[in-house]
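In the two assemblies presented below, subunit A is common to both, partnered first by subunit B and then by subunit C.
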Partner chain A sequence: MKDTPLSNCERDFLLKAIEEKKRLDGRQTYDYRKMKITFGTDYGCCFVDLGKTRVMAQVSGELVAPKENRPNEGIMFFNIELSPMASPAFEQGRQSELSVKLNRQLERCLRNSKCIDTESLCVVSGEKVWQIRVDVHMLNHDGNLMDAASIAAITALCHFKRPDVGIQGDEVTVYSPEERDPIPLSIYHMPISVSFSFFQQGTYLLVDPCEREERVMDGLLMIAMNKHREICSIQSSGGIMLLKEQVMRCSKIASVKVSEITELISKALENDKRARKAGGRCGFAESMPQERITALKTDETSVEMTDASERANDIVENAEVPPQTVPSPVVPAPGVGQVGQGLQNTWGLEEEEDGDEEEEEQQMEEEQDEKEDSREGDVVEISDSEEEEVVILHPETQDKSSKNAASSSNQKGAETSKQRQKK
Partner chain B sequence: MFSGLREKVGQVLVPGDEFSLEVQETLSLTEPLKPEKVLLGPGLKRRGDRKLLVVKSGVLRHKQPHVFWVENHQRRYVPAKGETIIGIITVKSGDVFKLDFGGSEQASLSYLAFEGATKRNRPNVQVGDLVFAQFIVANQHMEPELVCVDSAGRANGLGVFGAGGLLFSVSLGLVRRLLRPRSDVLSDLQKLFPCELVVGMNGRLWVKASSVQQTLIICNLLQSCETMTTAQRQQLFRRAAQGAL
Partner chain C sequence: MMEVCGSTNVSLREFGCEQTLLSRPDGSASFVQGDTSVMAAVYGPAEVKVSKEIYDRATLEVLIQPKVGLPSVRERSQEQCVRETCEASLLLTLHPRSSLTLVLQLIHDDGSRLACFLNAACMALMDAGLPMSCLFCGVTCAINTDSEIITDPTAAQEKESRALMTFAIDSKEQRVMMSYTKGSFSVHELQQCIAVSQKASENIFQFYRDSVSRRYSKNL
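On to the complex of A and B.
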């Protein structure tokens, strides 16, 4: 089936809005959409929500014979599936140009950067190695599939545990999880792809383009980077000429975004680990007994306001709304990491108005207090501690706790450099 | 005869629910027998002679005297004769345009079906333009057909439009709420700031206000109306009015 065509009026409006530094969903130029990481019941299953874009990654392992030229290295296999569920324009069972492009980029991002120790996947040299297969399924397409896919894939790889194997003589025994604890993969670093779209021959730049923005963009630059600020792959498409300083600026932004996303991933993994250790069901399975199909989904259209003071009110409003519609807390399930859900997206640039910021900060503090209260209450009953499982990253609160002063100072540095360049 | 149906008005029905329209068992000999009619709207189907089958899940609605339909949540549009929609021109070929209106297939629009158009005087329509048009043919077996004139040959609001505004999609339920006479959402929106609004029955809305910012605000407000109660919506609109003006 054909995709809905983009009308001329949408195209004109989008370009005009981008010129005025406005985006359809009220984001700033360098903002990501709300991101949420959820895990499935099994090891190695991960869902990533990036705004309305939704991606699932599943990792599986198999014992196979190694490649001839690399007898003691495991095999990594990546597969991206663009199902018609994501968008009516995707066709089943045919390799489209987009899927080839995404697949290639994911391979470059994860395999060629050597982020996984393939030698540790060797069981018997030249005879048996583990083949790790990563299947990435697109569940909904609202732009920026690559970033969502790379985050989902690396998170699923971090989450995955392969069964333990024992060798007695010539015999290889695969132990079930009951006999011996499964072993996680050894991962050196986590490359994450960040997409930049360019408009008007590179005059305007947007981070994390949504579907309609992707349609009107002139060019796309994808930078895969890890938190040590090492670029793992870089690819530009769309045939656009980029200046050296533009690429430099993008890589600076990417480093900030990557450090934030890496932190989110590790928090989500940590939460999931804790939830699993506490026993009980976690991940997607948790939503089943509640029989609420919307359990993992809270849709809220963010409303953009002219005034930052209004935005502070918006937070109050948004904080109030969920309990009215859903009696239990919005937090979907244990073992979930999410960013910005239900709150204003504070990534990227901070507001310049000081008075308003204070207000916002107060609001944050209040919410923080609330959270702490609920935590104290939850110490007794661990099973009820749904609130604990959420990770909400605020730059402000991070500054206060000065946990990762380095990353926030990086961010500030990048911002000031951006502002300087703007001037 | 319709007592079973009347009882269920305002309640939630699911596909597969059945109503049997039984004739009264005792006929009075003195009163003249009036044949009763019922008009079935979307979501209700006749099954056999005296049975009604519900085919959509939603709330049963009733309009005097005998109109019944099921109001449901849906995003996929199914064309119906007489409805006005917003379409995007995808192909210009020969003497017809092809339009995408969000349905399962494209609709055709003759270039003669515009106000004042003749064989010589062709309307100026480009690929990608927005058209507000009305269905004159819409059924299961034929390609849907649109016109941009009424029966008297006047445009009457139909035709090409859309310079400078923003097109976006909402659910069909919200569109019906907007098009209701004395719509509560629209009356709230009117208090905000002046804007042009085109509502297509296919779930597409087109908004134009004086600035990009205002257009975006209206667009976001309308999109968030979908999941809000009246009180929440009015509060939001009030805050929008304070913040933007």
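On to the complex of A and C.
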């Protein structure tokens, strides 16, 4: 499905508003939208709401063989999924330009900045290491997917705990969370991406562009930075020429934003840890807003099943008895058994009796034919007419009878060929 | 094989729903059953690809997104179950030559996921305001090794069960629209599970009704 195109009126209006230093949602130039971080029920699941943009990240780990050139380092794998849920323009299973760009930027932001200690993920050097997989699902696209994705990914990584592993000799045991407490990843620093959009060839700058602003922007600058003011990656796209001062200004703004966001993340993590320790229920279900009229929740309800048994009995008793007769297989050629297809058509017969009569008639005819045959030929046939009358009662006898039938038909075949030769 | 005894304690876990929680889709809902939660989004009726166009009705596409990795065979088979249920209840002929897309995102799996997919799908379709001939809901029943029926089982209960059945039930006459079964069971057990699911569906439909009347109420 195609995205709705932006009309010229809308475009002009947006650009005019930006010129007048106004934003559609009433924010100031350097303001972020309202940010909310929630966690899922299991470890390593994190939701980030950035205004109306919504992103889910899930971290999972599995034991794999390491890469040959790095035998004692764990593997990090990032995957941003542009689910069609987020926007009608996203298609499933197709690598769009945007998804490649986002994946690349996330990898540079989190893997190449070496924020995670990959050596601690090694179990047996050269044989077994942990592969940490980060899946980021876009749920709603309202601009600035990159920032939301990077926040969700790093928060989920901080939240994730991998199962403990014990090594005795050559044996590697993975302990379940009940046996031994799972271990969090060791994270050195938290790189966070901050996006800047430029308008009118770099004259105007906005932080955290929404979807409408992203559509009319000329260029985008993404700076990934940690709270120690170290730049982890920087990327400019859209083919815009930026001045040195502008980049410097952006990096200063980024450092402020990053420290704010890092604080929010650590607060959210701490809150969740406390909630989990208290043993209360946590996760997505608990984060559902109760004060909204669009949300409703019920308590556990019991289902009455006093009459279920009787109803089931009634239905079973009143139901038509399934046909118990099994059609007998016919052997058209040696080694082949056939039921149903290609045989005599029984459609359009209204009563069973008719069918029986017909069958009997047929049998009679066949027998007559055979008699004629035997009169013509000198060869005596052995138990040929049994073929149609075989009734199978036990599966064990089935093989025998079919063999008999096969052999008899074999014989018959041989006989008929002999007959032909004689003729 | 032991027959199911009728005096077991059957209940549905606490469930909740939020509608219109995403801004981009035409209809969206999240449905929670115990710890199992699913998010659903509907786009449409909209333009359809020429290759998928059907001249007398709308094309319904259902996509299920797992939490980790790409959709596999299991997701495909569940997509089909959900699609056929939706096709049966939606009045697709009212929107010929257009497309409807239903995206279901698994958020947490703790058993009865197909039932949760169905409930989330129905809520999202309602939110999108698509014309339907009836509503539907999903109920999962498990028969454990002691031959007791458990409705809305958790993942642990599913693992220990000897048979697992999911039914989609319509709101008009409480008939079975779709069934998906795993494991072995007798005809009598199947009928009993259907009867229990029909009873359970009353609770879910009542919840649908409550949530809609809450949406259109003036005060909380």
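What to note about this one:
In this text, the second predicted complex is superposed on the first by the 286 of 423 C-alpha atoms of A that agree within 3 Å, B and C clash if a C-alpha of one lies under 4 Å from a C-alpha of the other, contacts with A are read in each partner's own complex, and residues count from 1 in each chain.
Basically, a residue touches a chain if its C-beta (ideal position, glycine included) is under 8 Å from a C-beta of that chain, and two chains touch if they have at least 3 such contacts.
Small disclaimer: the values here were computed from a predicted structure and weren't measured.
By the touch criterion defined above, A:40 lies against subunit C but remains apart from subunit B after alignment on the C-alpha atoms of chain A. By the touch criterion stated above, A:60 is placed in contact with subunit C alone, subunit B being left untouched. Touch criterion met: A:52 reaches subunit C, while subunit B stays clear of it.
More residues of subunit A are in touch with C than with the other of subunit B and subunit C. Contacts of A:81 after superposition on the shared chain: subunit C is touched, whereas subunit B is not. Contact with subunit C, but none with subunit B, is seen for A:140 once the two complexes are overlaid on the shared chain. Of the two partner chains placed by superposition, only subunit B is touched by A:11; subunit C is not.
Common to the subunit B and subunit C contact sets on subunit A are residues 1-2, 299-307, 309, 313. By the touch rule above, subunit A contacts subunit B in their complex via residues 1-2, 4-13, 16-17, 20, 22, 24-26, 299-307, 309-310, 313-314, 317, 321, 324-325.
The residues of subunit B lying in touch with subunit A in their complex are 88, 90, 100, 102, 104, 126, 128-130, 162-167, 206, 212-213, 215-217, 219-221, 223-224, 226-227, 229, 232, 235-236, 239-240, 242-244. Within the complex, the subunit C residues that touch subunit A are 4, 6, 8-25, 30, 32, 34-35, 37, 39, 41, 43, 46-47, 63, 65, 67-71, 99, 101, 103, 105, 107-108, 110, 149, 151, 187-189, 191-192, 194-196, 199-200, 203, 207, 210-211, 214-215, 217, 220.
Interface of subunit A with subunit C (complex): residues 1-2, 40-42, 45, 52, 54, 56, 58, 60, 81, 83-88, 92-93, 133, 135, 137, 139-142, 283-285, 288-289, 291-309, 311-313, 315-316.
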